[in-house]
Structures are given as structure tokens and as C-alpha cells.
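I've put the structures underneath this note.
Note that chain A is present in both complexes that follow, paired respectively with chain B and with chain C.
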Partner chain A sequence: MNAPATPQAASTKALECPSCGGAFDLYAAGYSTKHVCQYCGSEIDLSGDETRLIAQHVEAAKALHIPLGTKGVIDDTEWVCVGNIEKNDGWDQWEEFLLFNPYHGYRWLVLQASGWSVGTPILAQPAHPNQSAFRYAGNRMKRIYDPAESKIERAIGEFYWQVKKGDKVKSTSYVGGGRVLSCEMTGDEFNWTLEEFIPSADVSKAFGVEDTGQFPKTGYYPQPHQPNPYGDGFKTSALVAGIAFVAAILVSILLSFEGEERSQAFTANPATSARSFDVGTLTVTGRARPFTITARGDPGDNNWMYLEYTLTNTATDEEIIASQPIEYYYGRDWKEDDRRGTVKISAVPPGTYRLTAEVLLPEDELPGAASRQSSPSPLAISGQGRPVTVVVRSNGTFNSHLVLLLIALFGPVVWIGLRAANFESKRQSGYDGADDDD
Partner chain B sequence: MMKVFIVWCVACVGLHATASWYGYSPFGDGVQARNIYSRGGGPTHK
Partner chain C sequence: MQPEQNCPNCGALIGTGEPGLPVVTCGFCHSLLSKAGDQLSKVGEAGRVPFDVSPIQIGTRLSVGGVRGEIVGRERWAYDGGFWNEWLLQFPNGEAFWVAEESGSYMVMKEVEATTEEAASLERAYQKGREAMGEQIWIDGTPHFLADTKTVRCIAVEGSLPHIIAADQPRFSIDLRTKKGSVVTFQVDRDGHSLWRGSYYLLADLEPANLRRFDHWSAPSFEVAG
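Then we have the complex of A and B:
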């Protein structure tokens, strides 16, 4: 991709191949120095006033993906395809279509197995191509293809430099900021081209040719500058999911301010039979509500107590039962502290409810202990009182809601993230410097 | 694709808000039978 002279204006000129007589149009008359006949492959010198046959070949005309002379609009500029080069570096084979516009000069449309790029020749020398990395236009450009020699397998059409089949050129490429800088080295001359990814559908639409596709349709690895189709989606979906989750938490917090609250402290004495106490009466109006019952007690060291709640609808005597263990155990190097616990009852229908709590102590189960409702066990008489405080609220949020919501919101985000990472992984597999630090 | 995801997020938050409003739990109602109580943990848990 040699650097062209800056075009001023050009006109189309009809000519004939001196070898086969095939008619061809010269699209960049005055700028092209060479034409290769698309019918027979003969090389024609255009640098003088008259066309001159440089080398005569007899090759069958080959159907190009973008036929010479085809016009197409890219970035609001109409281009005409004036030349085609096919290259091979021993690993890959690709085609470069030379586009021309009399006011904008030349562009390259590069067709690789992985997709298309639009290349703009640049006159500047961004770096010496023996560098592994450099900065260009605010981006760190990192070498992705080590310098390798490629051979021109085919050259058809008109060009702004003397090119022919069999020519060899050494080239290397860098990527950064979503663009590729490629450099062709011929002796001490370095010709740089800035390549940008262009979707195959855009090329198809611009020139009216078949859509060749790109990764993953082509099954090849993604181009180094091909935008990750999941990259932006991952960031955006993570942001949307985060906002949605915060909104859900705010809803939960707002709802937690609704409802009534009652609390009652009680001390269960093993020496007496008093075990039940009223926590309070709450009224549910309008809609069903959750009930949150929190107990905090002191069962003593290495001991337990148990609370059984009865929520009674005062109008229907319908009962809802729930229970809560209060425990505190420890050893030399371990501890189980459950002296505070919460139990939640879902969707309690509207009505007035009275909550009573009954305490069960281990002394009540010792052999010889009498019924809790009658006299206490003789073994328990020396026991101390076990204080407990019960708080009941006619509101609350089930953590399972938030867990399910977390999975529902961020599950797709994780999936998109994995797809994005997979895309990058496959892209990296096509780089020479895949293992280099960035 | 992103529009679908946004609709999905709105639906999830709406479902969460509705369930929270009525105090519905997807994993049981918290109601238990009478006299089903724990007899404590302690060293036997280790």
C-alpha cells in the first residue's frame, strides 16, 4: 500500500489493452502510473503520453468480489474501485481493493477472512516499524503482527505505483484505540496505512455486492480492530441492572416504614410455670402484609430457650403459628451465638391480630419435670430467669426477594460479560503478541 | 437487544415491588406447626 500523490482532479479515460484489445476505463487518469489488464493480466505503463505494454501475459479474467469500475459510497463519499491486489504471506491470503475519488484521493478496502477494513494512506511516519509499541493520536499502538513478507499473487487494474504479480513486500501491524496501523517496508521506505473496521454489510450495501460477513459468521478469529459486539452491551447492561437493583432496594426501604410495631419484654423463670406473654395487638388494613417478629434473649451460657408465637385473628380466632430458637453455645475455640433471631410470616390478610409468645426452657424437659402448666421441676428451682424481648412489625422485606432479583438482573449481565470475554479471547488468539503485557 | 433487557429489568423491579407490597414470599410463608421446637445446638453441632 504505497503512499499516493495528492490528487487534484481526474477524469475517466477509455483505453484498450495493447495486448488483448480489451477495453478498459482509466478512472484516475493523470495519477495512475500503471494498469494491469483485467482480461489478460498484461502490464501497461501509463506514465507517458501513450500506453505502453510492459509485459504481456495471457491469464483468464477472474471475477473480483468488487468488479473494477464499481462505484460505492463510504462515509458520504463516492468511491470507484480501480484496482485489486491479492496477497499471501504463507499463513493468510487477503485482497486489497484500491478505491479512488478525485477529491479525496485513494483508500484501501481490505478483505480478509475475518472481515473488511477501510485503509487510509498516511504520509506521516508515526514510528519506526521496528518498535513493538508507540503512541499515535493519543492511543498506545501495540504490535499485533510481527514483520512478515507477503507476496503479491495478483494485481489487476490501475495503480499509483509500479506493481506487478510476484512483487514481495514486508509489512507489520499495530492496534490501538480501535484502529490498526499497518506499515509496508520497502528498503528504507515505510508506507503507513490507518485501517478502520467496516461491517461487511456496509460494504455489501455500498457496492451492491455479496455480504461476505465477519466473525463469528466467517468462523475466523475477530479482526484486531473489530468492535466487541458485547463490550458496550456489558457495560450498559451492568449499569441498567445496577440502577434497577438500587431502585428495588429503595422500594423495600420505603415499604419498611409502613405498618405498626409492638414490643414486649419478658423473663422466663425456671422456678415458676409462667411461660406465656402477650406481645401486642396489630391491625392490618387495606392489603395483606408481612409480619416480622424479632426476638432477643439470654438463654444463659451453653443453653437454649425456644419461643413459639401464636398470631390470632381476634375476629375469627384463626391462628398462625411460628417459632424461634434462642441459643448461645461456645467452646474454647468456637462459638454459636443465636441470641437474636427473626422469623417472618408472609402475606397476613387484613384484620386485627394478637401476638402471644410462649417460652420453652430446657428445664421443662428434664426427667421428673412436671407439666409446664403446673408446678416447676425440682431440678430447675435454682435456675435463674431468662430475659427475652419480642418485637413484632406488620412490615418487612424477604431477603429471598432480593436474592432472586439479583439473579434475574445480573444473570444476563454475567452472560453478556462471558460472551464479551470469549470474543476477546478469540481475538487474542489471532495476535502474534497475544501474551505481551499491555 | 438492550431494549429487551431494560424491559426485563423494569418487569423484575415491578414484580419485586408488587411482592413486597403484599408481603408475599416466594419461599414459603413462615408458618409452622405447633410444638415443633429445637432442643438446642451446642457441642453436638461441631
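Then we have the complex of A and C:
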């Protein structure tokens, strides 16, 4: 694309501190108007034709976490660290590293107690900084830090404005959509910066410097734009649990179509002694299966009957016993209708089974009751047959199992959700007006 | 094609200059030269543009609104404690924009007419000076926030230019911005006042070609071929 002989301009200008003689490279020549010597702290004005000493200092050099002149790649773009500012607002102290690339301009790399963020100066005025909330790029930006003054405790390196130690800057911040918008109100300018979270490990890797760590390892609360580490986990686990639960319901519905079914109708007559009947024979193959035995009977008004089931393995004569009351009572303004009932047997091992049912009637417990006229009501239909139908199925779904599954699946979701909420509440405890809620 | 000409001051070859632009500078002796027909005459000093790492140079091509133009000249402006470049972007149809470059952002500006009301509001803001910071002024039916006020001076020029700028003449400048990043600059100097409308761009947005090359920096991926 380019001619091979494209002339290359120098990208730095070698200068020396007029105070201590320390050599430094100017990286953003033509943009930088001020240089603070990293060796002696003396201030040099670059805005004129010649470098000019503004203020002479003799301060011990401080080792910066990212030394001036260090290059690093963030988001595929190479940057050189040209300046460092330390600020204090009375609550917190933090550092801002100024990054430069002649083709891309400036970025800020901000180091706070809880971790790092990358700030991009934005050209628009998204709002007036006296607004408490506004919309920006599709997100509602809500003020988190009221306008407050911070003091520049230290400035080292080159800057595109006349920064100096002791300068006071008023600023306010908003958060929305996982990003922070900060506005600095310096005398006659509103400068907005869009800040995005960057993991401390990424900064370490990009500039080849030590990993400072980030919340919860450092700091008291997460940064406004630090992704909630449980937020995604909460969404994912809720989705997984939801899908698993729906699948479990579908499987149990499908299973209910499997297996055999036998049914038998019988009429128990108090006048006769016939009480037992065969419901049918079922064969269980493969794995153990749940059995469901449903009975529907008519004990008569304000009366009861009682079913005793015996499920007998025809090969071993092993028996499983179950029972089922059938009742129907009512008064003037109440009713207890248990004329239908279901018994479940959780796991019947493979084999062939015969189910027999025995019907017990009130008359069986009260010998000669048929002749006792003193309590006519329950016996009003004495002498009449009491019909009952028993249906047995070699399958069945257990709602209690689904409930257990629900707890097993959603327990972790609730736990992660609580962690996520805890992270958010810690985050918001760092905001101004943390008690406000809207 | 105009013939190449020599500097009437030092004799250095000037080149053909830009048709339609009456002012050109000598890159050798930094004389400011005025063109009258085929005649070049020295009208002042152009000043020396200090070393910088601007990625733009005379010959860089940029697109604005889908139209491609070429950078033919530059003015270097300074204010108390700062400075910036204004690059003249010339289009094939003779139209031109000024591209103001400051701390890595590019404001492309064109002169517009202010209504009487707008001019009055801006005059009031100019009279108030820094007190007017943050005020909202309606221009062209849109609210603009007063973002910057300063006194500026032109310190050096190079290339071809549309006018002669008197050195060290103070000019008062007010920048107003909309929420969407549109910018209006109101300027007052001894020649009267003018209103400039511009928009901020990133260099990538201008689809640049023939950018300046630097040692130790690789060319940006957004640079185009033509």
C-alpha cells in the first residue's frame, strides 16, 4: 500500500530538565503543553517556542506502577504511558495514567483501590453535569457521585493542559449499561470521559507490570462498572435449572405413557359375604417401576368403605400391602368428598404381580347393624350394593420427586442470586446517596 | 498547470501552489507570500511550525460527508497555556473546511451565517466571558452548551491559505457544543465576528490516506489507500 521509501518522522523529541538536567523524551510533541520532571518534580512549560522552567522542585523520584515511556497494547492499539496524576477527594485516593498514540489520541488508565478502568475522552456533551440522570447511547445514566472536588496530589510526565500539583478539579460521575461517564468541570471546560472496566490482569499483561489485583481482593466495594461475577452465573444457572426442570416434567409425562394398565369393577353388597376381587396381573420388566392404584367408589351418602390392596409377586409370593379409604360425607354447608383416591407404590421390582382388592364396609364392623334402626343415616342405603372400580398402572409420576428436583436445581440459583445481590449492594454502598432508591 | 515558482525572498522553489488560494508560504525561509496573478510577493513572516507528532501533513487526504479532499495548508494557533493546529481541507470543487486538531480529536468546521438573535445571544456570552460557562444558547433550533472560552493567537502557518493572518492579533473564541457532539465556534477579532459550525470526528471517521509516518509507531489499521 505504501511506497517503500515513505519518510518516517521522529516520534519523540529528546529534552532535558532545565532544573536537574535529567533527560526525557517528549512523546506527544505539539499536544503536550506541560512537563513535570519525573526525577526532580520541576515544572516545565512546553507551550512556547522554548521549554521554560515554571517551578523548580527537588523531590524524590517516585516509582510509578507503569513507568513513563512504557508501551502496552489495549484493544489492539498500542499506547505509550506519558503521564501520571494522583488525586484525592478526601475519601479516596487514586491514580490516572495518561496514554498516548499519535493516530488515536489519548486514553486514561485509572487505578483505584478496587481496580482499573480505561477512560476515553468523549467529544460530545452528553448532558449538563447538574442533571441527576440522562440517557446516553441507549442507557439510562444515573448519578452515583455528586459533584465533588478532588485535589491533584501529584502530576508527573507530559500533559496537554497546564496541570499542576494542588490543582482542584470538580467532577461528577454517572453509571449505566455497565459503563461510567465522568465529567470534570475545570474552570471553563466540561470534559467528559467514558470509563470502561479493565481487569487488573489485562493491565498487567499489556504493560508488563505487576498485577495490582482488584475487588474483592483489593478495595472495599466493586467499581461501578465492574461486571458482577455472579450476575452471569445467576442468569446461566437460572436458565439451566429452568431447562432441566421443564425436561424433568416432560420426561415424567412421557414415562406416564409407558407401562400396563388393568382395571376391575366390583360391587360389594352388605347382604352377601363376597368382598374380594382380582384387579389383574401385571408384569414389570427391566427396571423397577412405580405403581399407581386408583379407586373410584360410591360408599353412599354420609358413609364410607375401605379398600385393602395386596400386590403379590406370583413367583415369590412376596406381598406389598396398601389401603385406600373411600368416603362421602356432607352437611348443610359442608362436604367431604373422598370417593376417589390414589395410592402410589414407589418402586416395584421386576416380576409378575397380581393385585387383589378387599372391600370393607361399615356393616362388616357392626354385626347386625342392618337391623339397628336407631342410626339410620349411614345405613340409609344398607342392603344396596356399593360399586367400586379399581385401576392399577405400572407407572406413575411422583410430584414429591419433582419438588425435590426443584429444590436441587434452584437452590444453587438462589444462592448465586444472593451473592450477585450482595455484590450489587456492596457496589452501591460506595455511591453517594446510597440510601436513595428509585 | 501553473509553472513552479521561486520564493521572492530566498529563491527556494515554492511549487505551483493551490489554484484559488492567494497565500502560500516558503518552506525554506518561512516567508508569507501573496499571489497576485503570476506574481509572488512577500507580505510577512509565516513563522515556524514547531515539531509535533500530528498524524496529518500537507498532502493527507480525508473524507467529510462522503467527499474526499486534500490538506493544503495549516495554521498553528496558541492560547495562554496551549495550542492546536487548524488544517485547510480543500475539495476538488473549490470548497474548503478547516480541520481543528486538539489532543487527538478533529473538529471539521465550516463558516455559517448567524441569525440576528443568535448573534445577539453570542455577543452577550462574549461580553460575560467565563461567567457564561455552561450556559445554554439556542443556535439553529438546537440547544448548545457553552463549553470553552479563550483568547487565541495565530503563531505560524504553512502551505497554501485563503487569507493573510496578522501575526499576534488576539481573537476571542467561544466553543459551544450540542449533546450529539456538534460544535459551534464564535470568533471575535478586529475584523468582526464569525460563526463556525463543526462536528467532532475521530481520525478513523475521516478515512485518512497519506498520513504521516513515525518511527516506533505502526500506521493505524483505519488508514485507507486512496
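As a working rule, the second predicted complex is superposed on the first by the 358 of 438 C-alpha atoms of A that agree within 3 Å, B and C clash if a C-alpha of one lies under 4 Å from a C-alpha of the other, contacts with A are read in each partner's own complex, and residues count from 1 in each chain.
Everything that follows uses one rule, which is that a residue touches a chain if its C-beta (ideal position, glycine included) is under 8 Å from a C-beta of that chain, and two chains touch if they have at least 3 such contacts.
All values derive from a computational prediction rather than experimental measurement.
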| item | value |
| --- | --- |
| First, second, both or neither for A:121, with chain B first and chain C second | second |
| Chain B versus chain C as contact partner of A:306, first or second or both or neither | first |
| First (chain B), second (chain C), both or neither touched by A:102 | second |
| Larger contact residue set on chain A - chain B or chain C | B |
| First, second, both or neither for A:190, with chain B first and chain C second | second |
| Partner chain(s) touched by A:219 [first = chain B, second = chain C, both, neither] | neither |
| Partner chain A, residues of chain B touching it in the complex | 1-2, 5-6, 8-10, 12-13, 16-17, 19-43, 45-46 |
| In the complex, chain A residues that touch chain C | 1-2, 6-13, 27-31, 33-34, 45, 47, 49, 76, 78, 100-106, 121-128, 160-162, 187-190 |
| Of all residues in chain C, those that touch chain A in their complex | 50-55, 78, 81-83, 85, 102-105, 130, 133-134, 136, 145, 147-150, 177-181, 200, 202-203, 211-221, 225 |
| Residue ranges of chain A touching chain B (in the complex, touch as defined) | 233, 236-237, 240-241, 243-244, 247-248, 251-252, 255, 287-291, 302-304, 306, 308, 310, 320-323, 325, 327, 329, 331, 334, 336, 338, 343-348, 360, 362, 365, 395-398, 400-402, 404-405, 408-409, 412 |
